[in-house]
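Listed below are the structures to be examined.
The same subunit A turns up in both complexes below, where it pairs with subunit B and then with subunit C.
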Partner chain A sequence: MTLEKDLHDALTELIGLGIGKAADVLNSMLDSHIILSIPSVRLVAADELILILSRDAGRNLSAVQMRYTGSMQGAVELIFSSGEAGKLVDCIIGEETVMEEGLDSIRAGTLCEVGNIVINALMGTLSNVLSLDFTYTVPAFIEGDAVRLVADVGVPENSVVLLAETEFLVESKSIRGSIAVFFSMASFRLLEEKVHRYSGGAL
Partner chain B sequence: MAHILIVDDSFTARGILKRLLGDAYTLNEADEGAAALKNIAEERFDLVLLDLLMPGMDGFATLEAIKALSPTLPVLVVTADIQDSTRARIMKAGAAGIVNKPVKKDDLLAAIHSAIESK
Partner chain C sequence: MKAQFDLLDHVPLGVVVCDEELQAFFWNTCIEDWTGIRREEIVGKPVGSFFPRLNTERYRTRLKLLIEGGPPVIFSYQLNGCVFPHRDPKRIERIQHVTATNFLGKDGKRYILLAVEDRTEVSARIRAARQELAKRIETEAVLRKSVEEKENLMRELNHRVKNNLNMILSLINLQKDSAQEGPMREALDDLDGRIRSFSVLHEAMHKQDASAMIRIDEYLEKIIRELFESLKPPFSTAGLTMDIAQLELPFHTALYLGLIASESLTNAVKYGLGSYGDGTVSIKLAKTPSGGEMSITDNGPGFPQGFDPAGGESLGVKLIQLLTEELGGKARFESAPGARIVVTFNIDT
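Up next is the complex of A and B:
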């Protein structure tokens, strides 16, 4: 499953814009500067996503999931290995914010806030540039292996996943994760049409 | 001292707002829309800080209900949603303003001041 070159270039540009927006927003959460980069963007099937995540991030994954409806239907997950998620949350909350509810709920809540911001920045950029309109669900924290994370989306037959590998550079730490945007085939066809119109200057 | 109601299902998000507002305001919290309405029916508030994405009654439904219950009570919507369409819908629904997540203290205080002054 591959993206034609023009579509790949345009989607990479749009996702770069969204991630740039997310980095700006995350910088205001942190005392230290954060750089967000997207080493790669590709289109995969749901079963391929399971193989990629299992190979690259292991069995213990932490994710923030938001479903979207409106112009298109699907879900977005910001996914980390549990170790990488912990590193990111440590950078954000430090030690002083570990309070009465306990570490796990604080970490999950913090990761949900980060996911909310990153996913809104990405999908909001797609919405504003491509004239789409999304309604989101409340961000949900999910833990488990890749099978669990994909199953939780409830992927319909013929779904496709736009997979953007992400790298958060905070201070001297490099934290790797992935953003997976799940589309129904009909939604992906609409995205293709919108991106082609954007590339052709019609939007 | 102004009395503010924070409405957000996220413990973390409420904690951030409380930390930013410090002791400068009297604060009440609600973790869902229905609890917010109960608070507003029982107490007098100067302003509401309202999250958009909440389970059950979402921010839009809560805003509509607040406006029906207390039309002059200013509501600032606190959201990470950057969609132009969402932001237009928020203002059309009667919000006094929008505060972007993650919340910057100066922006929050300026928005609160402006909303209460224009009440």
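Up next is the complex of A and C:
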């Protein structure tokens, strides 16, 4: 499953814009400086996402999930290995906790806010630039393996996932995560159409 | 329209509804309690006039997006502190987690709903658990360091003891080389046997955990074989049989049994192998209903006529009796037909 080059380039640009806005918001809130980057964007099937996450992030994952409805339907998840999630929270709040795995409810709340900012900025950019209307659920923190995280979205068959690898650089530490935007096939077709229109207009 | 929010007075959450200008439209009883600000005081006024932080850029920017119909916004405690503190600064700061959403009112206007969760109690439990965990980790580190130090000391001590025992054995052997056959030579042989049994036991202890039990079969077989080889006359065809039960015994029980076996074996080699040194010495150790029993038997002439273990001058016999008493047992000296020394012992001692 691949993205044609123009579509890939346009989506990479849009996601980059969204992530840039997220970094601006985070930097206006925090004492520590955060740099956000998107090393890669690709399109994968839900089953493939499970394999990729299991291989790259391990069995214990922490994620912030928001569902959206409106012009398109689906969900967005910002996913980290639990270790990386804890590291990100520690870097942001400038603490070092002794907990090895998983996040307690206070730290989960912090990750939820960070995920909320990243997802809002990303989806806000898509919605503004591509003239889409979304209604969102409240951000939720979920933990589990890749199978659970994907199953929790409750995606219909033939769903596709726009997967953006993300890298948070905070206090000279690099924390890797993934943004997964789940689309129904019909929603993805609409996104394709909107992006082509945007690219055409831009060109 | 305000009446439709009345139900929110009964939820265990602080609920604030603001209009587009961030003026309080609804203020539920829970948030009244947590902030000390009554509904009549705040409704119709800018929430920021009571909670100035909401007027800062970082909050206004994110709340503005909500007013425009944007996605929900989270204000977590670690990144924002207590968003709605009590008006009395002496009150304990609550751990709040705020979720802001928007909705379209029946009047066509957009409103912001702020749901405030109080996570103070769960936070206190987490803090207590963290402190406990940190304390345990610290204690464990101290204990580990102390164990390490103890192990290093023990290693050093064992090394020195081993060297010293070897040095004593070398000195005795040097002395034996220059001693003529006779009482002096015999006394040095006895001493050599006794120290050797200490040395073997010490080595066994060194290899295991110092507090561990000693496998008596392994220990006795080693000291007896070594001692037998060193005591028996050159070119002797004397035999040695051993039947030692596989028992784990405390250090001091093993040490005493080792000394008793050494003394008995020395006696058997001296008097029980016959003039050609071709006899056989048998050593047995078994568990009995009341403890354990060890016997050392030779097929020589047996104890001399009128032999009285209690009245003799032999240091070896005295040692055997003394050590057996220490083990809560009894020693018997039999001649039937060779010499046979039987000691019983209490396994719990």
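Keep this in mind: the second predicted complex is superposed on the first by the 191 of 203 C-alpha atoms of A that agree within 3 Å, B and C clash if a C-alpha of one lies under 4 Å from a C-alpha of the other, contacts with A are read in each partner's own complex, and residues count from 1 in each chain.
Criterion: contacts are C-beta pairs under 8 Å (C-beta built on N, C-alpha and C of every residue); 3 or more make two chains touch, one makes a residue touch a chain.
Since we're looking at a predicted model, the values are computed, not measured.
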- Fit or clash - subunit C, subunit B, common subunit A: clash
- Message: Contact-wise, after the overlay, does A:L169 reach subunit B, subunit C, both or neither (first, second, both, neither)?
- Response: neither
- May I ask you to decide whether A:V89 touches subunit B, subunit C, both, or neither, giving the answer as first, second, both or neither? second
- Touching A:V44, do we find subunit B (first), subunit C (second), both, or neither? neither
- Message: Quick one: is A:K21 in contact with subunit B, with subunit C, with both, or with neither? Answer first, second, both or neither.
- Response: first
- Query: Counting only touches as set out at the top, which of subunit B and subunit C does A:L7 meet: first, second, both, neither?
  - Reply: neither
- Query: Counting only touches as set out at the top, which of subunit B and subunit C does A:I142 meet: first, second, both, neither?
  - Reply: neither
- For A:D104, decide between first (touching subunit B), second (touching subunit C), both and neither. second
- First (subunit B), second (subunit C), both or neither touched by A:V129: neither
- Note on the structure: subunit A residues where the subunit B and subunit C footprints coincide 25, 28-29, 97, 99, 105-106, 109-110, 112-113, 116, 120, 123-124, 134, 136-139
- Query: Along subunit A, where are the residues that touch subunit B in the complex?
  - Reply: 21, 25-26, 28-29, 97, 99, 101, 105-106, 109-110, 112-113, 116-117, 120-121, 123-125, 127-128, 133-134, 136-139
- Message: Help me check something: in the complex, which residues belonging to subunit C touch subunit A?
- Response: 57-58, 61-62, 65, 70-80, 95, 97, 99, 101, 119, 122-123, 126, 130, 133-134, 137
- Note on the structure: Note: in the complex, subunit B contacts subunit A through residues 9-13, 15-16, 53-55, 79-85, 100-102, 104
- Message: Show me the residue ranges of subunit A that touch subunit C in the complex, using the header's touch definition.
- Response: 25, 28-30, 66, 68, 89, 92-93, 97-99, 104-107, 109-110, 112-114, 116, 119-120, 123-124, 134, 136-139
